[in-house]
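Worksheet: one structure, shown below.
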Amino acid sequence: MGLDLNTKKVKKNAYRITKERGKTALRIRVPGGHLEAKYLPIIKEIAEEYGNGTIHITIRQGFEIPGIPFEKMEEINRKIRPIIEGLELDYGVKIDDPEGGYPAAGTRNVSACIGNKVCRYANYETTELARKIEKAIYPNHYHVKIALTGCPNDCIKAHMQDFGIVGMADTQYDSYRCIGCEACVKNCKKRATGALTFKNGKVKKDERRCIGCGECVLKCPTGAWTRNPKKFYKLLIMGRTGKKNPRLAKPFLEWVDEDTIIKVIKNTYEYIDKYIDRSLPKEHVGYIVDRTGFNVFKEYALKDVELGPKAKVAEYIDFRGYKYEKDAFMKEEE
Amino acid sequence: MGLDLNTKKVKKNAYRITKERGKTALRIRVPGGHLEAKYLPIIKEIAEEYGNGTIHITIRQGFEIPGIPFEKMEEINRKIRPIIEGLELDYGVKIDDPEGGYPAAGTRNVSACIGNKVCRYANYETTELARKIEKAIYPNHYHVKIALTGCPNDCIKAHMQDFGIVGMADTQYDSYRCIGCEACVKNCKKRATGALTFKNGKVKKDERRCIGCGECVLKCPTGAWTRNPKKFYKLLIMGRTGKKNPRLAKPFLEWVDEDTIIKVIKNTYEYIDKYIDRSLPKEHVGYIVDRTGFNVFKEYALKDVELGPKAKVAEYIDFRGYKYEKDAFMKEEE
Amino acid sequence: MKNNPYLPEKMKILDVIPQTDIDITYRVETDMKPKNGQFVQVSIPKIGEAPISVSDFGDGYIEMTIRKVGRLTNEVYTLKPGDSLFIRGPYGNGFPIEKYKGKHLIIAAGGTGLAPVKSIVNHFYRNLDELKKFDLLTGFKSPKDILFKDEIEKWSKRFNTILTVDKGTDDWNGNVGLITEYVPKVEIEDMDNVEVVIVGPPLMMKFTAQAFMQRGVPKEKIWVSFERKMSCAIGKCGHCKIDETYVCLEGPVFNYTKAENLID
Amino acid sequence: MKNNPYLPEKMKILDVIPQTDIDITYRVETDMKPKNGQFVQVSIPKIGEAPISVSDFGDGYIEMTIRKVGRLTNEVYTLKPGDSLFIRGPYGNGFPIEKYKGKHLIIAAGGTGLAPVKSIVNHFYRNLDELKKFDLLTGFKSPKDILFKDEIEKWSKRFNTILTVDKGTDDWNGNVGLITEYVPKVEIEDMDNVEVVIVGPPLMMKFTAQAFMQRGVPKEKIWVSFERKMSCAIGKCGHCKIDETYVCLEGPVFNYTKAENLID
Amino acid sequence: MKNMGFQLQNSDFNKILNELKKEYKIYAPKRFEKRGTFSDTDMIRYGEIDSVEEIVWKEKSEYSPKEIIFPITQTLFYFTEEEYKVPKVDDKKIIVFLRPCDINGVRRLDTIFLKNGEHEDFYYKRLREKVKFVMIECKESFENCFCVSMNGNYTDNYSIAVRFEDGQVTLDVKDEDFKGLFNKVGKEVDFTPEYVKENHVKVEVPEVDKMPLEIFNHEMWKEYSERCIACGRCNVSCITCSCFTTQDIPYEDNPKAGERRRVWAGCHIDGFTDMAGGHSFRKEYGSRMRFKTLHKIYDYKKRFEENMCVGCGRCDDRCPEYISFSTCINKLNKVLKEEEKDEE
Amino acid sequence: MKNMGFQLQNSDFNKILNELKKEYKIYAPKRFEKRGTFSDTDMIRYGEIDSVEEIVWKEKSEYSPKEIIFPITQTLFYFTEEEYKVPKVDDKKIIVFLRPCDINGVRRLDTIFLKNGEHEDFYYKRLREKVKFVMIECKESFENCFCVSMNGNYTDNYSIAVRFEDGQVTLDVKDEDFKGLFNKVGKEVDFTPEYVKENHVKVEVPEVDKMPLEIFNHEMWKEYSERCIACGRCNVSCITCSCFTTQDIPYEDNPKAGERRRVWAGCHIDGFTDMAGGHSFRKEYGSRMRFKTLHKIYDYKKRFEENMCVGCGRCDDRCPEYISFSTCINKLNKVLKEEEKDEE
């Protein structure tokens, strides 16, 4: 029999239709970008026994194993069971058949910077939250990109995601402990937004300028600045690259909690389900929002969401970005 | 003796100063994001014997191995010799002491989407070019981020880099082979820029609208559209996230060749060397360009560069992006 | 070049007879002697070519009733008497009118479907004695879409002509309703000697045929004419093929026993 | 509260004597009896406190010449006679003027450095016979920066007073050049009996001391006064400490044998 | 029985090719470097060659040789104002290197263009008459070939048969026109071309007199509605797909002049059945799959007594959605057998 | 010789703490959850406690107990228009749980605030007089401790010494004021507090009468110019750093009122030597390291006959640049020995 494949099913099973006829590439999800080293031998074995011996590290922090014959998909799906168990099921993700490979690939691997496991700047454990989000939204065929970054430095490039989650430190100031060294003030001006000013020997914070990076805490020698142990997040939405209108994600919510983040993302899947152009099953959510307008999205996204007292919500969003209306400023070399 | 570390040296050796006192994290470079699976056991061994048994996949496609005592750095540096040889020296990167670990960390891992090794959309072998760039610019302490993406879909998020290299297909049309199915025209309108129109049973291309994605070739059933075998690239510059002014990289050059890309990047290091604010050794190149203005950068970048006949150069660049001038559009919830 | 079947013949337009806002009948000068129900390939150089039913013919001319629906027909609309059309043909099998002689002939034509059968109607209008009985059912979407108004008026004086429109207007006093609704009103005395010709849009043909079969007309007595995309009209281009049948060669007229099994 | 050394005393301003655009001499009412070269902590409530040299004193008053260089001194500038200053002190060791008696005293003062030694100058102006010889070298950046102009005029009539400015102006007819250039012009007859007091900015003191030493003046005969940041003036706050020495306690006046080894 | 053949070094063969080029245009499958669908992939398709080394015989061509006699775009006539003129064809004759399946495929094209209906296709005929076949011996199956099942594997309809080996060619020359060229330089050897005897892919073509109506609406086609993207690659790569569409165009540079031409069409591609006025048939892609399938293995045969499909497998090679036509045939066969059973 | 002590269950000890709180404010190192420098890290520093369970005795506190007697921000007096008023202090006495090194450190603070110059520091003294030490027995060294080298490991200057174990405390009560509290509920046991005998980190403090001038400009300090970021964490965490700066401020709500206060200052921090007018000293961070180092292990000793540094190691614990003060001392010692050799 000739090779007869339902490519849509193959793709939903996280295998790629590649350039090379008959060969596929498996994508391993690593929610939150972090995994125990014990899974590496499985990846190595698949690469060497079924693939071409190489692996690609995907930009969303998964592994892609190329050069696999399509016929081996089922066999490989059984082999990756420990990975699906260890990185998905163990975190509560519902996958009916752990030997059937990944049940969906539309919603991309939930990426995360290394977070406060390691990084001094990060305001939370990014992988942990990534896994909670994974649990809430995977498996799902809608094309949604989610990434988490520990602080506004945004190493993960949350600004290029449909949902970018940025950790915000609610920094609290104990003026008694402040010795007026101005380390926080100078740093905030130099590296952040100049939200801090120095007056009467102590520091003032302009709450409207503060982006919650938490650098004042990092710089403070005396512990005058500390973080509110309660976690807050900023939710950036609808950033993208692509061939039409690359644009930065923009803030939709600020100073909201984890539950709000998860609920808004879940609500968005319902929104997609209602508004997606079904002739384009992979229509990206950003383009759907372009069609329906921000307010329709907002209404759906905030359904049954209880925003805390600190929460801020965008009234409107000017996404700007640029359009590939070409060349107004490009001249050909002569 | 107490633990006495020159943190700057540690960082230049690709080890991180982490949140946890006494513990570091090693970052493994994987230029172009692709590696042979045979290196995985080394990573696993380091993670399990020296670290905490876990690894993080960095957003720039390297591995980060956390939980390593600083004392083990030298020992580990010897262990990663095969990786440094296999992924750096073998591609011509000059590293004096292959048992001394990475000699620089300022210039970040050169990232790449999977490219045309696997992906149907990619217009070139991204990892291969990434390795050539690595050879040209590593080791280097200046903070520069480079990423390569095979096509304007820009899965790598080249738009968030100091240098984003986008493969451009110079698509050529053989009207004899065209059967007028309009697959290319419809697709270009739907997925790209509408550069193609259908007239008199055949297709016309608006060269100024064409972004070189190559999708017309992919969609063409008869091979009427093919790619010029000569490779062309677009160079996006000075995109960034960060706490001040997240912004998209914008096109600086289009339809240029590989040599131009490499030369411009090399020239930029000289530019940085001349204009960097030495009180900020990690000053990002984008901020330097902000200070000197685009034209000073441009003059340096194009020094001794021979642009081909198809090349286009930006006359000026309006980076836009957004500033963390906060809250014009955010209201607090009541 | 004689053996190049793609070459059209330039024919002078003798007359241009508007039928409705979007239908015009063109009479062109030619020696062609088509059969009733055949079609020709009509073209305007650099604009295009399309299959068009011959709606009538006579000595030294043929007529085609053309509806303005595309690039070519739009262009045809600008032509005046004295201008030319490029035509090749006739093609197709045509109706077996010899078989209808001596029978009770019922013609049901929907919309432009009246064009391909108009020459039959006119033939029997002129030779009504060749038939045992003749009924014409013709339906249009609305009063303004009615084709060949004067001729229908003329025909109705010699045989039972039911004209209906799907949807009337305030000043329409005639029949309203689909043709299928009028099928039961046709009196059929001798089921063995009836012949039914149905031409129109695909669904109209299907339901009208069903209506006649419900009345007891056997399939073998029902004839339809198909309209399909055609590029060559000579069995090469493949567009009009349905199963093993080439509409341009074995059609456009089919006995319903065959037609009902032609599934696109 | 008696034992609270941080409490200042409110003192009434008796006189305000402008010196230059940015230097003013304040005379305040007090019983304080400072030694020449001592300083006081001057404050304005809610603005701040700073160490200021006592530039002169007498029965029931002290004088301080204050330069407008910061937040506190800016505020002091708004004060008028009858207003108050808050003062505590005097602090520091002062110059050992008993040692200078019978000697050839050379005072070299740069800029505001003239203030801390002004009381010595005035003392010997009044008691010139206590000295074998008296030379005063005083330098300022420019003519407009000259302090105590009237007094310099007065002094120059009684002893050798060299006034120089680093940079002259069109209407300046006096000396131009750094103090160090004028050191060679001072006649020193008896190297064993000379005492040199140098007060001014750190580099001025360093190079002037070197100039005198080059002329053969031994270190032991050279005296300088240090200016340092101080918050308490009583040996607690740590700001003025240089090595094991607290300028507020063991200074501000140091013999050069000690001063040259005080490395910040 | 021994069959006398010739064996030549490539260099000698090239000399003969050069000689032949005076009288013939010589077409063979050749490599167009980096002109494949995906970047850095090559395209193998027919083109004129100058030397045997250009001939790609170790791989299957992506497109069939049909474009040599049935050009993708072919001007029927030029218009100047209201006159028209039929273009001339090159005087040279044509040699095509091709495999047995394609030779068998050309017979199907002949049937459609020359024997379907009363008219011969003028444009096809005048090219077809020029063509001589050089059969590339094809002993081993490529992926997706199912020629044996379709009887496409064998033919003796060739002027020359050729076995390529690295550096040399072995020939069976049947055409007397050519024999003289070889007996001077070629070594005489015993050579009978071999044929593929078995493919990896086998199909069982349903043998039915009449396709049951249920098949037309059978749910097996629904799957293809989901899978097929109507790109038409199967049509354009097929050696036997012969459909075309005519286009009339005015020249942009001078709209008074123009041409009528025909270009390939494909039953999978949108617009194939579109009529002026907007009506069209087979909107569901599954019904296009059914239409093509039945044409290739049922209705053509009813008309012309052999199946249209020759089993070259290019449709499977080229389908971007990995729809396997051979699998479809087998599925259909199975469905038909089950239907039969149900009726019993 | 047996030393009589008491052993109590935590619950009993808590009762006594409750009793003591009537008369005392009780301070101990305690955990401030998620208030550390990095997210999700805790801060261990001194605070008032209600129970023994709050006392963090298994870890070293990040800040020393000095802030109890030398508050970070301390109002010297309130201004109302042009009058001023010295604030009162709480009537309660103070108990501080602290380790031997810190008790020894407090002696250095006493020296500076009470014995340097003719004036005693009024504000320090009035708090210091209230303090009684409860010495936390410290048998094992933490990372970076070098108390043994600095003789900071031992003291007998305590009212109570306490050994914490999970669930119980063992006490040596020297202060007669407290003895009565324990002999009712505590079990009498033989208890002598033990002391750290050896640290992982050892320093050799240079024994010189006079620091050679070359040391001040020695290139060993240049390294610190590169490494030190002048954050002042070493100063503020140090038990013996006692520098402060005064600030006068008008209240924003009513600028007619205001206060004079003092806040901690640090010799590593920018501005420490800034004079009105712009001049400042030790701009190079390496010279600040030299200044601090010599103060801690040389010039203080010249003045007061013991080294200032007690070896608590907090500076090393806290330095974000991993500058090890103990390493610096050893380096200095080595440099001095080499200089000595060179002179021979």
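For reference, chains read A, B, C, D, E and F in written order, and residue numbers begin at 1 within each chain.
We take it that a contact is a pair of C-beta atoms (placed from the backbone, for glycine too) under 8 Å apart; a residue touches a chain by one contact, two chains touch by 3 or more.
Chains and their UniProt names: A, B = Anaerobic sulfite reductase subunit C; C, D = Anaerobic sulfite reductase subunit B.
Keep in mind that what you see is a predicted model, and the values were worked out from it rather than measured.
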Exercise for the section: Would you mind naming the chains that touch chain C and likewise touch chain D? Expected result: none
Handout entry: Intersection of contact partners for chain D and chain E
Key = none
Problem - Touch-network distance, chain A to chain C, counted in steps - result: 2
Fill in the blank from the handout: Dominant interface by pair count is A-B
Practice task
Please state whether the interface between chain A and chain B is built from the same residues or different ones, using more than half shared residue numbers as the mark of same.
Solution key: same
Completion exercise
Separation of the C-alpha centres, chain B versus chain C, in whole Å, is 67
Exercise for the section: Determine the centre-to-centre distance between chain B and chain D, using the mean Cα coordinates as centres, and give it in whole Å. Expected result: 64
Exercise for the section: Would you kindly tell me how far, in whole Å, the mean C-alpha position of chain F lies from that of chain A? Expected result: 45
Handout entry: chain A-chain B separation of Cα centroids, rounded to whole Å
Key = 19
Problem - Junction residues of chain A, two or more chains touched - result: 17, 19, 116, 120, 122
Practice task
For chain F, jot down the residues that touch at least 2 other chains.
Solution key: 38, 245, 247, 249-250, 265
Handout entry: Residues within chain C bordering two or more other chains
Key = none
Problem - Chain-level touch network, classified as line, ring, star, complete or other - result: other
Handout entry: Chains touching one another, given as label pairs in label order
Key = A-B, A-E, A-F, B-E, B-F, C-E, D-F
Practice task
Would you pull the chain E residues touching chain A in the complex into a rising list?
Solution key: 38, 41, 143-144, 146, 201, 223, 226-227, 313, 316-317, 320-328, 330
Exercise for the section: Report the residues of chain E in contact with chain B in the complex, numbered from low to high. Expected result: 32-40, 43, 45, 62-63, 71-73, 231-233, 235-236, 245, 247, 249-250, 252, 261, 263-266, 269-271
Practice task
Spell out the residues on chain E that touch chain C in their complex, using ranges where they run on.
Solution key: 76-77, 79, 82, 84, 86, 112-113, 116-124, 211, 213, 216, 242-250, 255, 257-260, 262, 265, 267, 272-282, 287, 291, 294-295, 298-300, 302-303
Problem - Interface residues, chain B side, partner chain E - complex - result: 116, 120, 122-125, 150, 167, 169, 175-181, 183, 199-201, 214, 217-223, 226-227, 229
Completion exercise
The residues of chain D that touch chain F in their complex are 1, 3-7, 10, 43-50, 67, 69-73, 84, 201-202, 227-229, 231-232, 234-239, 241, 243-244, 246, 248-249, 261, 263-264
